[in-house]
Amino acid sequence: MKVLILNPNTTATVTERIVAAARPAAAPGTELVPMTAPRGLPYIANRAEAVIGGAIALEMLAERHHEVDAAVIAAFGDPALGGARELYDIPIVGMTEAGILTACMLGRRFAIVTFSTGLTSWYRECIAWHGLDRRCAAIRALDGGFASLADVQTEHRAGLVALANRTVADDGADVIVFAGAPLAGLAASVRDEIAVPVVDCAVAALKQAEALVALKPRKPVAGAFRRPAAKPSTGLAPALAKRIAHE
Amino acid sequence: MKVLILNPNTTATVTERIVAAARPAAAPGTELVPMTAPRGLPYIANRAEAVIGGAIALEMLAERHHEVDAAVIAAFGDPALGGARELYDIPIVGMTEAGILTACMLGRRFAIVTFSTGLTSWYRECIAWHGLDRRCAAIRALDGGFASLADVQTEHRAGLVALANRTVADDGADVIVFAGAPLAGLAASVRDEIAVPVVDCAVAALKQAEALVALKPRKPVAGAFRRPAAKPSTGLAPALAKRIAHE
Amino acid sequence: MKVLILNPNTTATVTERIVAAARPAAAPGTELVPMTAPRGLPYIANRAEAVIGGAIALEMLAERHHEVDAAVIAAFGDPALGGARELYDIPIVGMTEAGILTACMLGRRFAIVTFSTGLTSWYRECIAWHGLDRRCAAIRALDGGFASLADVQTEHRAGLVALANRTVADDGADVIVFAGAPLAGLAASVRDEIAVPVVDCAVAALKQAEALVALKPRKPVAGAFRRPAAKPSTGLAPALAKRIAHE
Amino acid sequence: MKVLILNPNTTATVTERIVAAARPAAAPGTELVPMTAPRGLPYIANRAEAVIGGAIALEMLAERHHEVDAAVIAAFGDPALGGARELYDIPIVGMTEAGILTACMLGRRFAIVTFSTGLTSWYRECIAWHGLDRRCAAIRALDGGFASLADVQTEHRAGLVALANRTVADDGADVIVFAGAPLAGLAASVRDEIAVPVVDCAVAALKQAEALVALKPRKPVAGAFRRPAAKPSTGLAPALAKRIAHE
Amino acid sequence: MKVLILNPNTTATVTERIVAAARPAAAPGTELVPMTAPRGLPYIANRAEAVIGGAIALEMLAERHHEVDAAVIAAFGDPALGGARELYDIPIVGMTEAGILTACMLGRRFAIVTFSTGLTSWYRECIAWHGLDRRCAAIRALDGGFASLADVQTEHRAGLVALANRTVADDGADVIVFAGAPLAGLAASVRDEIAVPVVDCAVAALKQAEALVALKPRKPVAGAFRRPAAKPSTGLAPALAKRIAHE
Amino acid sequence: MKVLILNPNTTATVTERIVAAARPAAAPGTELVPMTAPRGLPYIANRAEAVIGGAIALEMLAERHHEVDAAVIAAFGDPALGGARELYDIPIVGMTEAGILTACMLGRRFAIVTFSTGLTSWYRECIAWHGLDRRCAAIRALDGGFASLADVQTEHRAGLVALANRTVADDGADVIVFAGAPLAGLAASVRDEIAVPVVDCAVAALKQAEALVALKPRKPVAGAFRRPAAKPSTGLAPALAKRIAHE
């Protein structure tokens, strides 16, 4: 089974980090196919960038969807997840979605812990889109900024652990979801320092992709994610335009 | 006051229809500035197209936001509305948003009436994003397709009126919102044939844009819609890239 | 267009303050018609007083509804708003309703900021009646009382600004709604001292009244706000009794 | 224990019917004290009339609250219930409130069954005010009108039983609440013809009043229902004005 | 009328305490029939124990249901309440259920106050099962443990009063519900030390049982609580097995 | 990795069916360990039986939890799932939970389709416990009964397919979850006859168990599912009593 690890950001080191975090959890026979955005932003961090990165994710899927059995949209916030499910026939999983759905099996209420307060309002929307706001105890973020994307999890390791334990004590969180692709892999290294289970979204997304493939779901011909009728377009990336045109 | 009527679709006749519907409702001194997408889809009709059209809307705003006092994203589904509010300093109104918020002052529960069943699942999401699902009695759509965008409201006038009255009787709707840019202007012509008030989203959006300008709201420097920090990018439309880079 | 500014309280200086706050925002051609309650309470501040003031508002509308194109019920808490919409044919807007619906276009979550803790539980009910509780980040009130209604906004200016900024920081509010008719006009004067947009309910209500008139909504003959059948009564104010009796 | 059965309508035969329905269920030692509105509407049937009747209910309580241990506001829709709890020191129960809270102990989801479609939208609001909308399977009403208030339950007995059984089958209701004071007493007579338990709101309200008296609750000095501070007023009923003024 | 006070725990002194708290509130003619679990846990304090105690409660009801007119499941958390309603024909009331439904008539939002933080997550579920989470201001618990079940309310009297007043001030609670069978009787003794009404769940449950008996509800033959069809079983307590088998 | 397939019912053929449905989806190296309840009911079909079967499930886990890496509670309705997570250290997955969480990645709204109307009210509760009621389009059941548990899916194959397609058309379901252990395996055989993806709960549960094991979650020492303190008991199954006593 091949799973596309589609990073809609342009930072290849983040793609590598996600793949490195997920690979040890792969079932025998599962192959991870990394793909980094050829254009766009270095890191999606708000609604505007999620729309831009989402449109690029759709272009990227147009290039590669026929080569894989499933895809992970490997950016927190699940950019274009609904649209991707409409356009393509393979199972597609979002990293936030996988993280929070999986967390629901480890506690009654999860908390999102991340590294920048600028993300919380947008994350709240994302959780609500999945209909899981009532199972979210809190979204907590470190106050400061960060020196580099690549180093954020080492730079802020202690702060993130403390913040996670604080949200357990203060907000009644039963499970922690580290949010943001740059935190992929952190969960494993801090496992014993936090009082409740911690979900690594990269691992969760890969396992959920495997689960969907195992179910052998048909492409719907009705409902939310049936494929839209063929349509012309102007000025879109050629592969995406062809997919939309059913060509 | 200048209000940009930004159609993120490529069909200029739809832009004209929206402007024609809204203009009679403009306050003295309000000028409508129409703008049609230079690239993209002829008509946004699902989540995938809303992401693509949303990214294009952000490009269009980058070109024109400094020339106007407010903007209307003139497509049902409010593509990129949240992102637009982050990136730009002027008030920005979505056509769905304006329609349903305004409807809340004319009844306890509104119904969305539209011309294609393929839209209902996506519209439900849109209403939930605005937090108004509990005030939505129903989303109802005609079963069939349509011959042309330009003619959909004349072609299906009788069907839409009947459907509106049926949702009043069956779903307890107190007010009808005709959804989809191609239906702009229809409300006025069927006003006396439907048992409850009917909201024209084009009119509502223009009046809400005027209302926001009258409030003279500051650009937030905190919260959901503060402007994101400057960020580099690759391969984006130049004006949008500059806006994101604070250049 | 004439808009009745109906203050269901007996304090004429509050009526004047509301009119003074709203008038500069009126479109050319919009005339504000002030009306102060001839009997009742000096200021509605709880559920009991809202019922009493609401019944008086219905009497006042019976006197003047035929002279105007729309009405604003100019007291926070929207006393008798639903009942007024049933009984009368013109568009009627509540000051709370207008404030919070408008706030929804300026942020993802609004906070209500007011001058007395005694108001918060009742305001919470009011927001829930409009179905917008999920978009309300917080309702915050100054702890102390106030010397006089007329001076509350000058007396407590600094405290209200500080409270507004605190709810932005602590509750994640994206937009502030100053609540209570005595605060009409305050928003404009503190605009630059608060980190997010501030909504003046008097301005919002006037603009929403204009928006509804522009939509030319019919009087419903079905649903929540159709006119009740004619009914006799005993001991009610004569104009109201006539309206109820369809005389 | 004396329980005031306060009918905020002017129809004495309805008061009698309510008392007749409730009296057999009274505990030994519980005395019912009937009171019919001296002015107002013959029957409250919408939001406007609930505000008018609510203000009258507050006047009536001002006359009699010191003579009784508890009061029932004996009209569906619970007019002025919250305000009454603020102003007075005795426990006060609403007839709708008592009916639906009691129904929650007899099934997972209740249905409201009533005799006029004009009531459903307003009833929905009432149930939401109590926070029980998620436990309400449906609100169902007979289509036609009715010849007289006094005879509505005999005139429409068969129709109401059929409607109750239909909502059990179609909406999954586990318990039926007959709504509207004119239906007091009907539940007992149709008990064996409906597949699920039926709640008589008059009985439920009396028993809940007894329950509250048994709890000996203090008058709150904090929270939603503490007594408002003394306040002057103009033109209100003298006893009510005195109560508001703490005289 | 006989009301079974069924304690699904094995601690007879807690049964006695509940009966002692409830008896003074009984109507003339109401007899309380105490029953303590013959096996199980000394005190149910989490989900696992609620399932175990719930199964035992069903066994206990099988022994005694035909001797009484109603039953109270006298443990916080309402173990097996839904199942008991399916299997048996008499009205059955839960102690949590009775406490919070009754509290809804004394304030807009109640708070649960209890003696151990370990209970809060499970209590939250219980309140949600009753659909009353939106009326719950907070669930607050003392931090420490307790020396003995029998003495918890004397040992922690001061702490519980302080905690109750703090949740009134901080969380906006309008009414306090003391939770946990060992706190039965405490409400009466601290009545004047807390700023809002306090509900004793033992009293509330008894009065609600009386209310249900007064309504003479039929055993449903449809809906959630109709009796399940006869079924064989293996290894269950004989009386329960017979009840399930319709023997 | 060993996964306990714990059937809390006494019907071994149902256990076999579940294992047969799940086994082909297992990752290489995953071993399924079947276990059938030694006492209890042949099939759990309501709240009462879920409590009884839940207590038995806790006994069964006490016997085997130390031999496996994870467990699936293989009955619809997830009996004792929360309690099992408190008492034991291994990941535990419910069959309903796994089915509906997985369905959330294949559509916006799922429908539950099952073979007996008697199950719908209880299933609704189960979905609400997981906080996913807003993502549930409908719960639909065949009207009739069934001849035997073993044959229900062959006997009613056509009816279930038709019902599934009807809920897609009428309720807007995007994905179907066949509910009830006797339907394990049906999804695969009807895949091409239903317009949307179909989730087999047995497959979903196994894959989710694998996913949880891959995350290596720690046993929480705080929050909802920390292990309760040691406690004595009377008359419980010996292994369960020991587990509760920390022996």
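Couple of notes before you dig in:
Order of writing sets the labels: A, B, C, D, E and F. Residues in every chain begin at 1.
Quick note on the criterion: contacts are C-beta pairs under 8 Å (C-beta built on N, C-alpha and C of every residue); 3 or more make two chains touch, one makes a residue touch a chain.
Not measured: the values here are computed from a predicted model.
Shared contact partners of chain C and chain E are A, D.
Farthest from chain B in terms of Cα centroid separation is E. Averaged C-alpha coordinates put the centre of chain B at 51 Å from the centre of chain E. Distance from the chain D centre to the chain F centre is 43 Å, each centre being the mean of its Cα atoms. Chain contacts: chain B has residues 82, 108-109, 121, 125, 172, 174, 223-224 touching two or more partner chains. Pairs of chains in mutual contact: A-B, A-C, A-E, A-F, B-C, B-D, B-F, C-D, C-E, D-E, D-F, E-F.
Put simply, chain A touches chain F in their complex at residues 25, 27-29, 82, 91, 93, 97-98, 101-102, 104-109, 130-132, 134-135, 168-169, 172-175, 187-188, 191-192, 194-200, 203-204, 207-208, 210-212, 214-218, 220-225.
On the chain B side of its complex with chain D, the touching residues are 108-109, 172, 174.
Within the complex formed with chain A, the chain B residues making contact are 10, 38-43, 45-52, 54-55, 58, 79-80, 82-84, 86-87, 118, 121-122, 125, 128-129, 223-224, 226, 228-229, 231-236, 240, 244. Note for the complex: chain C touches chain E at residues 120-121, 124-125.
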